[in-house]
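Chain lettering (A, B, C, D and E) follows the sequence in which the chains are written, and residue indices restart at 1 in each chain.
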Amino acid sequence: MKQIKLDSIQSLFKALSATRTLYLPVDTPAGADFKKYEDGVLWSGALNTNRSAKDFFFPQTENMMDFKVEGKTIEIIEPIRPDEDFVVFGVRACDARSFELLDKVFLCDPVDTYYKNRREHGVIVTVCCNKPAETCFCTNFGIDPTAPGGDVACWQDADTLYLQANTEAGEALLQSAADVLAEADDSAADGVKETVKAIMAKLPIQNLDLSAFTEDNLLNLFGSEQWKKLSEACLGCGTCTFVCPTCQCYDIKDFDTGHGIQRFRCWDSCMYSEFTRCAHGNPRLSQVERFRQRFMHKLVYFPANNNGDFSCVGCGRCLAKCPISMNIVKVIKALGGANE
Amino acid sequence: MQVEKKEFKPTIVAFCCNWCSYAGADLSGTNRLNYPANVKIIRVPCSCRVNPMFVLRAFQRGADGVIICGCHPGDCHYTTGNYYARRRMTLLFSMLDFLGIERDRTRLEWVSAAEGAKFAKTMNEFVEAVTKLGENKRLEDLRCKKQ
Amino acid sequence: MQEAMMRRAKELLADGTVNRVLGWQKGEFAYDHTPAVFDSADQLEQFVYDDFTAANLSKYLVKETKQEGKILAFLKPCDTYSLNQLTKEHRVNRDKVYVVGIGCEGKADVEKIKALGIDGILGIKAEGDNFVVETLYGNQTVAKTDVLAERCVVCKSRKLMTYDEILGEDGEVINSNRFDMVEKLENMTADERFAFWQNELSRCIRCNACRNVCPACTCEKCVFDNVNSGIANTAAADSFEEKMFHVIRAFHVAGRCTDCGECSRVCPQGIPLHLLNRKFIKDINELYGEYQAGEDTDSKGPLTNFTYDDCEPSIVHERGVE
Amino acid sequence: MQRIGVFVCWCGSNIAGTVDVHKVAEALKSEPGVVIATQYQYMCSEAGQTLIKDAIRDHKLTGIVVCSCSPRMHEATFRKTAAAAGLNPYMVEIANIREQCSWIHKDMEVGTEKAIILGRAAIAKVHLNAPLVAGESPVVKRALVIGGGIAGIQTALDIADAGFPVDIVETKPTIGGKMAQIDKTFPTLDCAACILTPKMVDAAQHDKINIYAYSEVAEVKGFVGNFSVKIKQKARMVDPVKCTGCGLCVEKCPMKKVPNEFNLGMDKRSAIYIPFAQAVPKVATIDPTACLKMKTGKCGLCATVCEAGAIDYTQQDSFIEEKYGAIVVATGYNPINLDQFDEFAYNQSPDVVTSLEFERLTNAAGPTAGTLLRPSDGKHPHTLVFVQCVGSRCDGAEKGKSYCSKICCMYTAKHAMLCREKYPDTEVYVFYIDVRTPGKNFDEFYRRAVEEYGVKYIKGMVGKVAPQADGSLLVQASDLIEGEQLKIKADMVVLAAAIEPDQSARPLATMLTASMDTNDFFTEAHPKLRPVESPTAGVFLSGCCQGPKDIPETVSQASGAAAKVIGLLVKDSLTCNPCVAHSDELMCNGCSACEKVCPYGAITYQDKEFRMPDRTTAIRRVASVNPAVCQGCGACTVACPSGAMDLNGFSNSQIMAEVDAICK
Amino acid sequence: MSHNKETLREIVIETAGVNPRKCMKCGKCSATCPAYDEMEYHPHQFVSMVEAGKIEELMNSKSIWMCLSCFACVERCPRGVEPASFIEAARLALIRQQGKNHLKAEDVPAKLNDKLPGQAIVSAFRKYSK
């Protein structure tokens, strides 16, 4: 385990950004968000960023290829794959878990080469939660915020940041900043862990009953009377999906630039009326169906195909951001069982 | 080796109503009144046909200035079209200004079928003003830029 | 107030005046209430009305007034402006709503509480002019005025524009300073304004929350969802598309926007979108005479109207800072 | 994908002089969809058109682009060419490379480059063109004439003679209008009644003409070929079918002190009245504001004496709805109110009269039975002063009218001449600014008044008329030729008051969505080439509602309007301009924004049942555009936030494709 | 230094603030003028003289002092030409001539005609009778 004093944390960022691009949470008028580190950029310390770290590996829009059109000839141009190494610093345990889930989608056959490329160039540095919000419920999905994943895990107490590499890439990263890091005892962060655990125990959303969300119960859940009521107020906007660290749907579009065609993909939301529209029309015509799709996917379909792993990490963003305050916790409670 | 500095020639889109301004543009041609070739005219039935969407679209696709020409107030072929155009464009231009887009990139001018000279003069002035501003950077879509 | 509303709702359900009630349902926390339709006295036990029932309910009436029977809607002054505008545009059948107007002193904004550094909110209790906020990290007291939603700080009117009955006190139209921020921007240089909006709009994630919550955005099919419109897209690929979306959206609601402020309330990225709408309102007021959308149900809106001596667009050059 | 042919015209050296037409054709050949691109010296020539026609057939073209002169010049030509080769004429686009390119640029390179871009824009547009078929709308073979003066009567007679039914709506109890009040007509001096009343009778007896007298137009809906008009028949309290016009009721009516409007208030009539002996229809009318029975409930004498039993005090206004293919406006004129011309003492002395009042004073059926007598004391006047241009040709609208009323010079000459002829002992002065006599035999007429009848024409204006204690009028005027100020002691002063459109014209124009000028005269579709049509299709103009006119001119315009109406009514249906707006009902919000900006009232709403995207059905309010009324301005397309409204021929996607091509 | 003919005309027109070209020569001003018989030039002539540039003749004519400024001509003129304004302008032009900037009391003409009230009195009537 390594350590560095918080008052000299800038030297760590400098060291990390010397060889690669560093992104870290920065305060904005609307809460913390990831920004590129440059001289003078200050780490917010807040981990509950508006947008999740997903954006670095699966950006909102991504160019896939270009077609150059000249007269009647068309030429295909492969895009230049970003080959820049980068570090995302300050990822929470829940957000770090989301990559395990995204990997299951993008890295299984057929492999999504765009995502894979970014994953290969990115290093994730997690930080143990120090100030969980009331909206946090990661523990319900077996996530231990005091033992965050990622390539490097960090813990911070009043004056020190402790760092522990989890992977080879993590080791290499710490090695690159070895100059500014000091050695620390492997148990140095135990105090922090205990404090955080104590707070976690007081969180209001605990022990969600997820027992109903099984493959066997699929049809019962699908046919539940509750969906209508739950989705009644849904505006059909994409806020929940776009702030969600595990949502991974995208649409592929062609953009006519005037001198060619740019084929790009961009996030799509199952809440949108145009989602998965195909030649015959739209498979889910009403908001009830679209709403149901999102939660059935997260709570039933995804686990059914992925060894029971739910496609939710309990980060709480949708709880905080939904314009009408409808969210997965309310859905789980309505369909799955009560909070004990 | 001396690098020759390329003279900036703005792309200008002019929406002209069929009844007055388009005819005014024709007249300036008939009278051989010059204006820069960067002005390209799109014929619309009336200035009220011009959707703010078209103006933005032009900027997106690489226009450096957009001008809308219609019949003088009171002379609209459709009696009231240009009055609506006037309100719509006033508000649109004001909004673009509010976003920090240069004011001189947009303009609305009334040109009658008899005002060939005014048409040419207006275009000359407009091209000059836009040339002075240089390339449209604030409302550009990089994807559409010529490589 | 909440009790009075529940009582009245139950009475109106019982006497058959209405068959449903549009209100807010208690949330998971103290502040996350969800708009809901209640169709029985039993369901009404979940009804809530407090400082955090901020959502403008009028847009739901577009759908609800197409259903059988009359619905009771509890509307705040803001919401009644929206309802009038929707009635004017034939989007809502006013005859199928029983409006109970409720007086409003402004709503609290939980984001403002959080911005004070208060995290882990477990409960919020109103005590006089203050809120006592119970958190994971201890109790804190904040003044209500400090956490009043931004739109309520510059509230334009506490007067109910349309109602079938009133619960509580009707207020007055307020001579508010809601255009101050717009004016401040107008007085900046073009470069500063550009930088301001570039910074704000670059945060947009195109979640469409602003559009979907907007009571003026009730199009059967939005141009941005319509592949044939030529401007449809699901995500802004670059800064042009960010501007395009917000300018066109503001233009489409110009003259119709009642300035309810929902767009800014729901923006997950905290973009002050209401400033775009307010800019149009300010321009309309200054150039074409005072106009407040939603004040009535029959006047011609400023963009479907004109006078022979309207100003020319060159007025944009003639005023303001370069 | 369209198969597009591009045809670049040299226009001799007009285009080829500054545009390399070969290069343009070559460049455009490689554009997507273009299967042939060629050039020719004169595309509009027979040979050029044949070239296009052959190419359309040989290459199975689905769209063509002609790079040539302005579409204002030859768009119609090339559309016909396309149609002749079996291609929909709306699949033609013109790239204007002459007026907007070769003629304004001197540099060959610049001109060529621009011509290529303009060609590309046209190609981009034609890709999105759709074949348009002009719609047809049926024509109701019936005309409505609003106003029953000489203009309306003449129009109605001409239309009816062509075999089409015509309805005349007249607000007064009788038709006849101003001409019925006039004594003699210039320049022939025949009696107005002698030539008008036979026409009135003709109209009444014509089996194709139906007269709604004492009626008004209450509402106009519809459009050219298919107007629906609601006519309000005001309650006469007399059954027009039963009434024989015997006049017994008029004779017996005890209320005889009502100012007689037909004689401009210079005598009295009874409460039940027939305006004049030759009235058509000759039916009595009860004036409810004067009738004792109506006011107090006591009397009922007319009902007692009426043998036909035609009197019905309970009669109410009634409404008729009728469909018409064409509407003719013939609402006529009135002399202006002279209250603000205090200097002429019109309101101070009854001996100062307007020319129209003078007509009644000299008319055999008038208050003095045709003998010219001073209204104040009934004595024979010896000195008469006529003042021209009273209220005409004024600067600014506050004091009078800016226009020349046109008819005053001639009728004043007529009055002066008749005065001198009938009463040689009179001394007659006419004060004029100019004497305007541009009509057949007009100047000769005026000269006769001066030369044969000794009317004293004085160049100058009357400044003041002062009633004197002895009952005479002191007229102070200037004689600009002699350079002196005259003071004339006159017995009567006759003012040639300016004329203005009838008050009913303005609301009517609103109902018809017909445009008016600032003086409330109806605007013609073209001041020279379409003088009897309003810009609103199907609405025609007859007589003084369009501008001041004398009788001959009114009658010719009336016949002109009739000819236009006949030309419309002989058609079974009308071909519409296909470049009109249309609404996509699935996207329409029913918000009325488009309706509010439509200058033609072409948009209506209906509630329709739809299958909604979520599989439910719902009644939705949706707009529909009447293609026969829409003129294709496109105001609605921008007002529509959802983009449901689009314009054929200038669609959103077409215009944006042009923008894209230009900015490329 | 005296003005040339053209500038003098412009000065008078500018001072009067009305356009002499609007006159349609109807003579209503002269017809209505109570001082007509006392004048050498008459109101309608004032207008045409200004238009023709005969300002010096006007300035040298006693007629401009005969005008009572009763404004009858202004009131009656159908074209809004205001002959009295030209008369006033001609008077001012005379008074303001270079070198003659100040009109000495002794230079003010005494009553020109016993039958006519002084200009100031009529002006006062006009001013205060409303």
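One rule holds in what follows: contacts are C-beta pairs under 8 Å (C-beta built on N, C-alpha and C of every residue); 3 or more make two chains touch, one makes a residue touch a chain.
Fair warning: this is a prediction, and the values are worked out from it, not measured in the lab.
Any chain that touches subunit A and also touches subunit D is listed here: B, C. Taking the mean Cα position of each chain as its centre, E sits at the greatest distance from subunit C. The most centrally placed chain, judged by C-alpha centroids, is B.
Distance between subunit A and subunit B, defined via averaged C-alpha coordinates, is recorded as 46 Å. Per-chain CA centroids place subunit B at a distance of 37 Å from subunit D. Remark: subunit C and subunit E have CA centroids separated by 68 Å (rounded to whole angstrom).
Centres computed as Cα averages put subunit C at a distance of 49 Å from subunit D. With touch defined as above, residues shared between interfaces to two or more other chains in subunit C number as follows: 223, 230, 237, 303-305. Those residues of subunit D in touch with two or more other chains are numbered 597, 639, 652, 656, 660, 663-664. Taken residue by residue, subunit E touches two or more other chains at no position, since every residue touches fewer.
The full set of touching chain pairs reads A-B, A-C, A-D, B-C, B-D, C-D, D-E.
Every residue of subunit B that touches subunit C in the complex is listed here, in rising order: 52-53, 56-57, 59-60, 73-74, 80, 83-84, 86-104, 106-108, 138-143. Interface of subunit D with subunit A (complex): residues 30-32, 613-615, 660, 663-664. Of all residues in subunit B, only 61-62, 143-144, 146-147 touch subunit A in the complex they form.
Residues 69, 71-72, 256, 258-259, 273, 282, 285-288 of subunit A touch subunit D in their complex. Within the complex formed with subunit A, the subunit C residues making contact are 27-29, 32-37, 55, 60, 111, 114, 119-122, 135-137, 203, 205-209, 211-213, 225, 227, 233-237, 262, 265-271.
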